[in-house]
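Below: the structure, in structure tokens.
In order of appearance the chains are A, B, C and D, and numbering begins at 1 in each one.
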């Protein structure tokens, strides 16, 4: 039997394989290089950036929960200018597809950043985070109102020639409605899901554990919600989906493919096992072989046909 | 030091203590009696009932997830008539406060059931489940649209002289908006939270694990989301809250009190440890002693003052 | 009853690749347990504060020693829960709920046929011991994948009971080639030919108790009903509470009036009368 | 580097009620580790497929034996993670990331004062061994809750180094009564009076390395800055990735230009120059 074809297409981007890493969990790519060679990955998504530099929230920024992690980093990042000067030049040298992730607090913010990133930058795509729940009000508004979501995606789409990936918030009543809005706005792909808004309280101190009170819940705990949203959106919207939310093993990854994801992305799972992307890639390959599938693309949405 | 006062008031109901059990996880009260004497509990909430008998969904109805449980029982219940004949008479003999839980698929359903339950029934209160995510369409609509939520609560309130507890769905963009709607409708208290809509896929069978495809996620995994919603609602709405969602230990329970819950309810935690309610009660007592609090009522919302 | 079971024996059952384990727990459960009942075990030593895996695992009681206050559980490492359970060491304590459900009921008289498929053999051992103690004639029909499995899954212990044993394997290297149901059918037709069992409650009455894959239980039930042989089946279903409180584990039965009703495997079962079970998956 | 560390020693450190443990892991980490660096350990044996607790636990490297390929971790059972870690047995393997972060840097010459608060003593032992090996004079100031704690937390091993040790306890039963900072202050004023340290990089230069509660680190830094004594502090913060990828563990520094900047404890630290750290909680 000929080897399984792991390559895939996402929003016009040819990916070596469908295993990506999540924004905010993989720094700017180098941090994990010693554990997981970049050339093995389908691609990486960079930490979210904003027009101006941000110090983010105070510590504690992290709290462990049952099978989950709360984070309230608050979009700490060097800002657009510093990013362009000290990081963007390196992107071309990166041995994998690099996706930038942008966040903003106004339509102008998003447009300004989108304009700064074009195909000639070497970036593979632009992921638009309209859903970071950490920053008070931040992004939230765009991520929960279909109208504004459509508006911001349309504005970004008009401002760059890069493929646009709309990253949706799970903290909504109707995820399909949000996905449709992103599609109307011209999104080329969707990332599902961002973190669930949560919090935890230090019962000895009798105050919220995170300095920011609220944080985004990630990790295995949210996987059932993420799989459900990928499934619902895959049924209703004809856009490629990057599935994420609690993926830690290859079995988790396969669940997302079967639910309708074209590619998957690993976030918190890297913290648990910095070699998770490699092991997941191997596992996907083995699964396809076992089930006689010539390409990982054959997996996408398979469970809907059952 | 005088012993900690565990009694509390909830929507005009005097409770022996603030530890309740969740609808659908505690049957009709007797099932767990051998593990946890009913007279030790502040109260129990009965399995949700509907006007007509329901066989519910096919099996599998349950799927375990990381620190969580998916269920799709589909509101199996004997129906209003059978319930009134074979169960209601026993309520008076129950050595604890008994809260009935009603679900419906139309305004009329809810009204019909509310009319059937009055103070003279011996019930302590009526919990209105506008949020059961298991039944396709069922309840969902009421639970996610503020207008309909207000309408159904108002109709139920008008139909019975029992205190009304509105049980809210977490699968909404704006939980505070839903809580306010319930308050406008005349709810005397709120139950937060019902299950998060999720699913999981059997990767060998390549089809959804639950016969119903979707299920409600409960257990420790959802606790951070539940605590967050209790916190947000406690800040905005002046109604007593029954906090639930992943409570398994007394530390979990204390977290909910500090977040603003007047009482707490244990669901999936009973499956893990059928004596959880007893141990939690002891733990709350010990915590109050350690912190020099004369009554468990002193705990409510304490973390907001920090 | 919720108790802390002390692990006194925890060993491999047969060769490793069979992934079978024998777990003996010391505790009061042994005093009241009946064949066919089960326990709900926490898979990690009670001292470990972990929520993953979250739920208890239902395991049948394979042997009951009230004198030594010991129950024996036999299980196959199936997934995460049993994998973690298999790491528990002697001397550690496991939180156990049980005995749970209703076990098998013994016929007053006659011959009790035990029909097992694969690891469905486990709960039948306690029943065999009990039936023999009550002076019943016991006969075992056991089908397994191959000789290796059957040898590892406790054949010797069964032979020690000195009862007639009819084995079936897919490859036929041990016992007959084929399904266990074929042997049962063969023997039933031999006995009754075209007729049906008549001397019910007579000294030669035959009744069946069976445990194994659903398809097999269904086939055995069909056979027994055909020959008017009473049959008890032990069902499995995913469980939440294990005490009848969550309605997670229902099975569908058809009552006298012919209406479909749900019963809880954990509380009303796991043992049911074969003829009342509706086997259709979609119920 | 991600490796499977073989547990060769895992024992209580001192009396049980102190909840201290000594864990020796065999693996390649010992070859490259430096004093002050740490590892991120999975608290359950790698063979257990559980997601709760989810994250690795950062633990300092207390002793480094490159010859035997062993590193020693000393830890206090603090919560769920360390409680579960404490159950791991010899012969089991733990998934370990490390060595992580930047350790302490040794002064070329002079006297190295180690100032420890409570279990802040742990990472300093490897540093002391290293400094002595490089011919530096080493002096320990160690403050603990009481005599019992200090004896249990490894005093004997420190005495075996044959270095001057100044102890402080809250009850004064062992060493001076009071805070360790008071002893440091006393000795510094004794040496420099109203003046400040002048012969920097001279053979008698004093430099300080400190680890312990944040409040103590802050006080020690204030003292050292007052007397112009270089000071290295080892910080702690909750960690996600432990490699600099998640920005979960930042601390606030003030750079030459006087602007506040964030650095990652896991990657840029855990050791920083005391004078650059901004101690205000709200940063």
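The rule we apply is simple: a contact is a pair of C-beta atoms (placed from the backbone, for glycine too) under 8 Å apart; a residue touches a chain by one contact, two chains touch by 3 or more.
The structure presented is a predicted model; accordingly, all values stated were derived computationally and were not measured.
Between the contact lists of subunit B and subunit D, the overlap consists of A, C. For the pair subunit B and subunit C, chains touching both partners: A, D.
Of all chains, the one whose mean C-alpha position sits at the greatest distance from that of subunit C is D. With each centre defined as the average position of its C-alpha atoms, the distance from subunit A to subunit D rounds to 36 Å. Distance between subunit A and subunit B, defined via averaged C-alpha coordinates, is recorded as 34 Å. Note on chain placement: the centre of subunit A and the centre of subunit C lie 47 Å apart, centres being C-alpha means.
Between the Cα centres of subunit C and subunit D there is a gap of 57 Å.
Each of residues 51-53 in subunit C touches at least two other chains. Within subunit A, residues 66-68, 219-221 each touch two or more of the remaining chains.
Chain contacts here are complete: no pair of chains fails to touch.
Residues of subunit A that touch subunit B in their complex: 65-68, 70, 144, 171-174, 196-201, 203, 205-208, 213-215, 217, 219-225, 227-228, 231, 246, 251, 254-255, 258-259, 287, 302-303, 306. Across the complex, subunit C is touched by residues 45, 47-53, 80, 83-84, 87 of subunit D.
Chain contact summary for the complex, subunit D toward subunit B: residues 51-52.
Residue ranges on subunit C touching subunit B, taken from their complex, read 1-2, 42, 51-56, 81, 95, 97, 237-252, 260, 262, 267, 281-283. If you check the complex, the residues on subunit B that touch subunit C are 24-27, 31-32, 34-35, 47, 55-56, 58-64, 66-69, 71, 73, 76, 219-221, 248, 268, 270-275.
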